[in-house]
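Below are two complexes that have chain A in common, paired first with chain B and then with chain C.
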Partner chain A sequence: MDVPVEIEDLEIRLLLETMLLRYGYDFRQYTSASLKRRLLQCLTACDITHISDAIPKIIHDRSFLDQLIYAMSVTVTECFRDPPFYRLLRQKVMPVLATYPFINIWHAGCATGEEVYSMAILLQEEGLYHRARIFATDINNKSLHQAKEGIYTVKNMEEYANNYRATGGPGTLADYYHAKYDLARMSASLKENMVFAAHNLATDGVFSETHLILCRNVLIYFNNDLKNRALKLFDDSLVPGGFLCLGTKESLQFTDVADHFVPLSQELRIYQKRVPR
Partner chain B sequence: MNGSRRRAVVMGTSAGGLQALRTILPVLPQDYPLPILVVQHLAACAPGWDPAWFAGQCALSIQAEMDKAPIRPGRIYFAPPDYHLLVEPNETVSLSIDPKVNHSRPSIDVLFETAADVYREGLIGVLLTGASQDGTQGLLKILHRGGTTLVQDPTTAEAPLMPRFAIAVGAATQVLSLEAIAQTLKEWGAVTHE
Partner chain C sequence: MNPFSSLKRHRLWRVTRVALAVLLVVGVIWLCSRQTVLAMASGVMAHLVPLLHDLWWLGWSLATLAVLLLALVGGIFWWRTRGLLADTGQLLEASARLAGGDMGSRVQVASMTVMARVGEMFNGFAEGMVAQQRIRLREQQLREGVATLHRHLGENSDLVPLSAAVISFLTPFLDAILGAFYGVDEAGLLRLLGSYAYHERKTPGNLFTPGEGIVGQVLLEKKYMLLSRVPADYVVAQSGLGQAVPNTLLVFPFLLHGEVKAIVELGTFTTFTEHHLLFLHSVAEGVAMAVTAAQSRAVTATALAQLREQRQTVETTSEALRQSNERLEEQKRALLLSQAQLLEQQEELRVSNEELAAQAQLLEEQKQVADRKNAELVAAQEALRRTAREAIPADPVPTQPDPDRMTAEPVNEGAVARMPRPERARAAPPVRQSPPPEVLPPLQVAFPQRCSQAKPCTLLLVEDDAHARAAMLRLLQGHPVRVVQAATGAAALTSLREQPFDGMIVDLGLPDIDGFDLLDRMTQESTLPRTPSIVYSGRELTREEYERLKQHTNSIVVKGVNAPVRLLSELALLLAQTPPDPTPAPLPDTAHHGHMADLRDKTVLLVDDDVRNVYALTRQLEQKQLKVRMAANGAKALAALDQYPEIACILMDMMMPVMDGLEAIRQLRTQPRWATLPVIALTAKAMEEDRRQALEAGANDYLPKPVDVELLLEKLTQWMSP
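What follows is the complex of A and B.
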């Protein structure tokens, strides 16, 4: 606690450089305040007093690196987070997607997958899932594994049931999972057209030609340079007329791609890529 | 302390906070030279909690788009419901959906601790009415980095637990009524101006 800010910041810089040089993980353009909080929390839990003491451990212990990456990048998520957003997807975006013979969806920063299953449910209910593919990516391998498993707690699912209802769903959320004791396993039919893959928005390239991209509450963790990099990837990846969905506090305003999109809903942060005339 | 070094105000409140903020914020003048960052717990967001109300009643302007907004003097930054509000070293705000801290998102500690690292001795931390233990660690960090802390007198607070908890661990530089906190902030702002 007695370390001056300048020294702490120096230690963090060295640690991030180590992660980059040793393993190619680049966290240097993440917003530093939350990164620092997460890092200090993880190191305290590992009984490491000074940030710089973690550096030799990172170099020589791959499992420690994985632990650190998990701590630095895991995000909180839920099924049908922000129900009004999903309601608008259902009402305004699904009818447009229905006009494509094949639908590619990229869920960037899918974390533990709750929203990927939400999307699959939406597509199934609109009769579109059989011709859709959801590419769900994250930097965090442990989260991706959990997403692929699709096993959540019944307690959480019961809370998400309210979200689902608020989106105007015709059934109940319980139709889509099998509960056993206190765990809920998502239906196998939802997983059929999901592809999970590791992808790093800081270093990797365009994913595929997509019609809808969801990247919600990821860009708040990036500084402006990295945010612009990620948005350029999305812009390059989307077909003209394709949709980009951000978190409810994230905006295209003042970004490099602001002119390339028109808002379908500024409030719910759904943007449509302009069609060239 | 040399008043001209004061650079920012952070404010945290929970139950009863709406009324407390309504007492303090409208007192500050349009040319107030410090930015004000506010965490109001969601649980306390009774009907009537609406930043737009402050826009009508305060001389200061309310920041609308929050993500990575530059922190400017004379402007109020409210943490959006369900997001932590943090201060970045380049004096912008950032948001996060990290897990709750002290059962709260936004958390007062998260704002206070990150602001303390950036503004250090130039930071004024204000903890108001509330029935939580959030904010105390943040005030201690502010003191540790050389800043000043004002805590609402628990006998004047709608919910005395939060200020009482902070005072008990020595996290308060001064213990004041809401009106006195408003006057102190106003005077310190005037000194900063000179």
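What follows is the complex of A and C.
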């Protein structure tokens, strides 16, 4: 390894330590390659040449930190992403959830919220939304704010309509938003039972008992320790028989909680929490 | 001044002195000759007496003569001096008049030559004075004119008022009766800008090209023109009294750096003098400069207005640009983002590609195996068919297995038949043609080891509907449980009093007592052992009902398609979690926690929507003899505070629907009656900042979730101690 790379790694370590010491955000365990890529992209966009130049800015400028976290933690999301997954939720998970008088759903790492609204739509169509509550959390206040707004582009929504159809939805996606110019605002009725809150899987604890947890495409950025921590939170939060849904590239295999869950679908990464003996 | 001092030098005096000298010489000579005669007769005394007589006579006559002479001289002198004095007086008077300002004062001397010359000199001097004063006056007029004109030039910055002011001044000042003022515009044309008593001219129009008419000619030649005998129809001066044609015209160009900037045309009944021309020459440059300045100001003003307009346009455009720039920026950010996402997706794709390749290979292998088997099967079928044909030639045997049977879904709905789901119109066929995901069977329900077929766990089933009871019995068939049935609440209570149960399943809609009341009574009846229960009901619950039920029951299962499966797993959980505990809950160990005595009978408000947390905490706090009130969100907490004034401390969760903890704390702190009420924030958030936020909102302390009860009791003691 040549010298500049070493310096860069050192700078990143210092930067992550700064974020932890100043604000308590612990990104030290995020897998380094993707983190570095995102970090460098963000810093380049801010005209910062050396990573260490960002450290004083982080210390004194909270908004810059948010920007950085946004860049580092942002995930790809869309409405009804992976239609087969939502199809299975509709067919197999919703009937089980229907047996609970009240349903708590935790969407960890909700990003800009498209999937939160997808879940609300699903629940509404299954007649369960009035007794459901969706806790949508993310580390990033900025994307959380966007999720709360529930405003997306009409163009995207039209693309999502295909996803929706593929999940076997009885209506059309357009029933759930109001388009104005090139923007689409999600129906207010979908927002009724949503609670948006900042939550850091790396440091924060369990806040509620839940029946279904979605944490899709978040754990891929975590190293094993962090991944196990997050999964332990989910395990603690879920009721026995509750469901945990991960992203297609994530798996419970080789994790600490692997034997606490049984897969409902290995392929679509839907797991059900075992009833302890 | 002595008028006589000058007389000494006069010619008259000199004549007088010469005459006296001659007289003296003649007298001496005459006297000498008389002495000679006396000497000749000296010897003769006789002649002495007549000589003496002669001497006396001579003396006397001489004296007489002298007196006569003196009288004569004095007379002449007096006569002459009298005229001189009169002349001198006249001269003095004239001088005084002249000094007094009477320029017409002159002297008339007639007496003596010398005074006449003095008078002439005085008169010449006075004439000179008058002439000089006239020049001075003209110069002063000129200066004043120039000053006035320049004042006009300075006061008017716009071209037209400037022209009007110039011509209105120039015309009367130069004793003209009409005047016109032309400016040379940027196109080099003469434009009539202002006029004075100007009525009509032979050439109509206000615009002249170089060389056109007299003014055009002047513009070309850059020299003034003075025309006498103007044609009668050339131009007419207008006044209130009538019209007249001037007989002299002056067209004068105003030059600046050798270029004509403006031209004035003046007409008079008399004539223009060189003073007029001199004046025009002296102001020419100033006027030209003023006109040029006004013109360039006008140009500048126009340009400025254009500039302002352009700037506004530019501002509008730049605003639009800025907006589109922002949009571009946003798009750029989005692009950057999607680039990052693309990279990720690429990576994902690469991985799944590899997986796909592996799967494809596997499939290929399987296919080969299947083909082989198929070939074998076909061969076997062929053999079978041959055998069959040989046996029963008329009866056809299906050659292919039934496809429906091949793809039958695995049965995973448990013992109860699947209820038909309402048909749904599918808007479009699924977009992705992926094979249906393999769905594994649901959770395997494993009952705890303490329940065995040999020693089954006992279960009380409280259900009024016989069909439902039968279905439940079928469901539990084969599991290590012994079921006691009760169709009413009363029967259930009786059974509970008779024997302990490991668990019970309760329907809410009972004919005699409501399920809620049944559970309430079970709790209140202290002699009854605590029996863990599952509520199994098709009834839709409100939050309040749910919270009430949750105080007495382990879980609630809503009847429906998947309910039986879940009921089994809940049952397994219930039986596994709660080993039978025949003795009631032990009293709090007050010896160990001596300080806890302070907390006895105090009321705590627990604000949290997480039911699990609420009941776990409530149970533990109630074991310590604390009274617990509950509220599911901030708004309900405020209502509870109003209703129960005995509340001595609040445990406030942060993340709640409707009104979160921070907001609730802030609101209750606005009321003086709750200003000092201890509030302990419960937060799942570990960050210093979140805790600081809670404290800033008005919390006294905070505890991380999940709550450590020992720590909580410590904090409660600390905050509720008097």
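Heads up, the rule we're going with is that the second predicted complex is superposed on the first by the 273 of 277 C-alpha atoms of A that agree within 3 Å, B and C clash if a C-alpha of one lies under 4 Å from a C-alpha of the other, contacts with A are read in each partner's own complex, and residues count from 1 in each chain.
In the analysis below, a residue touches a chain if its C-beta (ideal position, glycine included) is under 8 Å from a C-beta of that chain, and two chains touch if they have at least 3 such contacts.
Because the structure is predicted, anything quoted here is derived from the model rather than measured.
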(message) Clash or fit: chain B against chain C, after overlaying the two structures on chain A?
(response) clash
(request) Could you say whether A:Ser208 touches chain B, chain C, both of them, or neither, answering first, second, both or neither? (result) second
(request) Check the residue A:Asn224 against both partner chains and state whether it touches chain B (first), chain C (second), both, or neither. (result) first
(request) Examine A:His199 and indicate which partner it touches, taking first as chain B and second as chain C; both and neither are also allowed. (result) second
(request) Mind telling me which of the two, chain B or chain C, contacts the most residues of chain A? (result) C
(request) Based on the superposed arrangement, let me know which partner A:Asp9 touches: chain B (first), chain C (second), both, or neither? (result) first
(message) For A:Asn162, using the defined touch cut-off, is the partner it touches chain B, chain C, both, or neither? Pick first, second, both or neither.
(response) second
(message) Looking at A:Ser251, would you say it contacts chain B, chain C, both, or neither? Reply first, second, both or neither.
(response) first
(message) Tell me the contact category for A:Ser34 with respect to chain B and chain C: first, second, both or neither.
(response) both
(request) Have a look at 73-81, 145-153, 343-351 or 523-531 and say which bit of chain C overlaps chain B after the superposition. (result) 343-351
(message) Please report the chain A residues shared by its interface with chain B and its interface with chain C.
(response) 34, 37-38, 76, 249
(message) Under the definition above, what is the set of chain A residues touching chain C in their complex?
(response) 23-25, 34, 37-38, 41, 45, 74, 76, 83-84, 87-88, 92, 95-96, 98-102, 131, 133, 135, 162-163, 165-166, 168-172, 193, 195, 197-200, 203-209, 236, 239-241, 248-249, 262-268, 272, 274-277
(message) Residue numbers of chain C touching chain A in their complex, please.
(response) 333, 336-337, 340-341, 343-345, 348, 351-352, 424-428, 430-432, 434, 436-440, 442-446, 448-449, 540-541, 543, 546, 556-563, 565-567, 569-570, 572-573, 576, 609-613, 653-657, 660, 684-689, 704-706
(message) Residue numbers of chain B touching chain A in their complex, please.
(response) 65-68, 80, 83-84, 86-89, 94-99, 110, 113-114, 117, 120, 144-145
(request) Under the touch definition given earlier, write down the residues of chain A that touch chain B in their complex. (result) 1, 5, 8-9, 31-34, 36-38, 75-76, 217, 219-221, 223-224, 227, 247, 249-251, 253
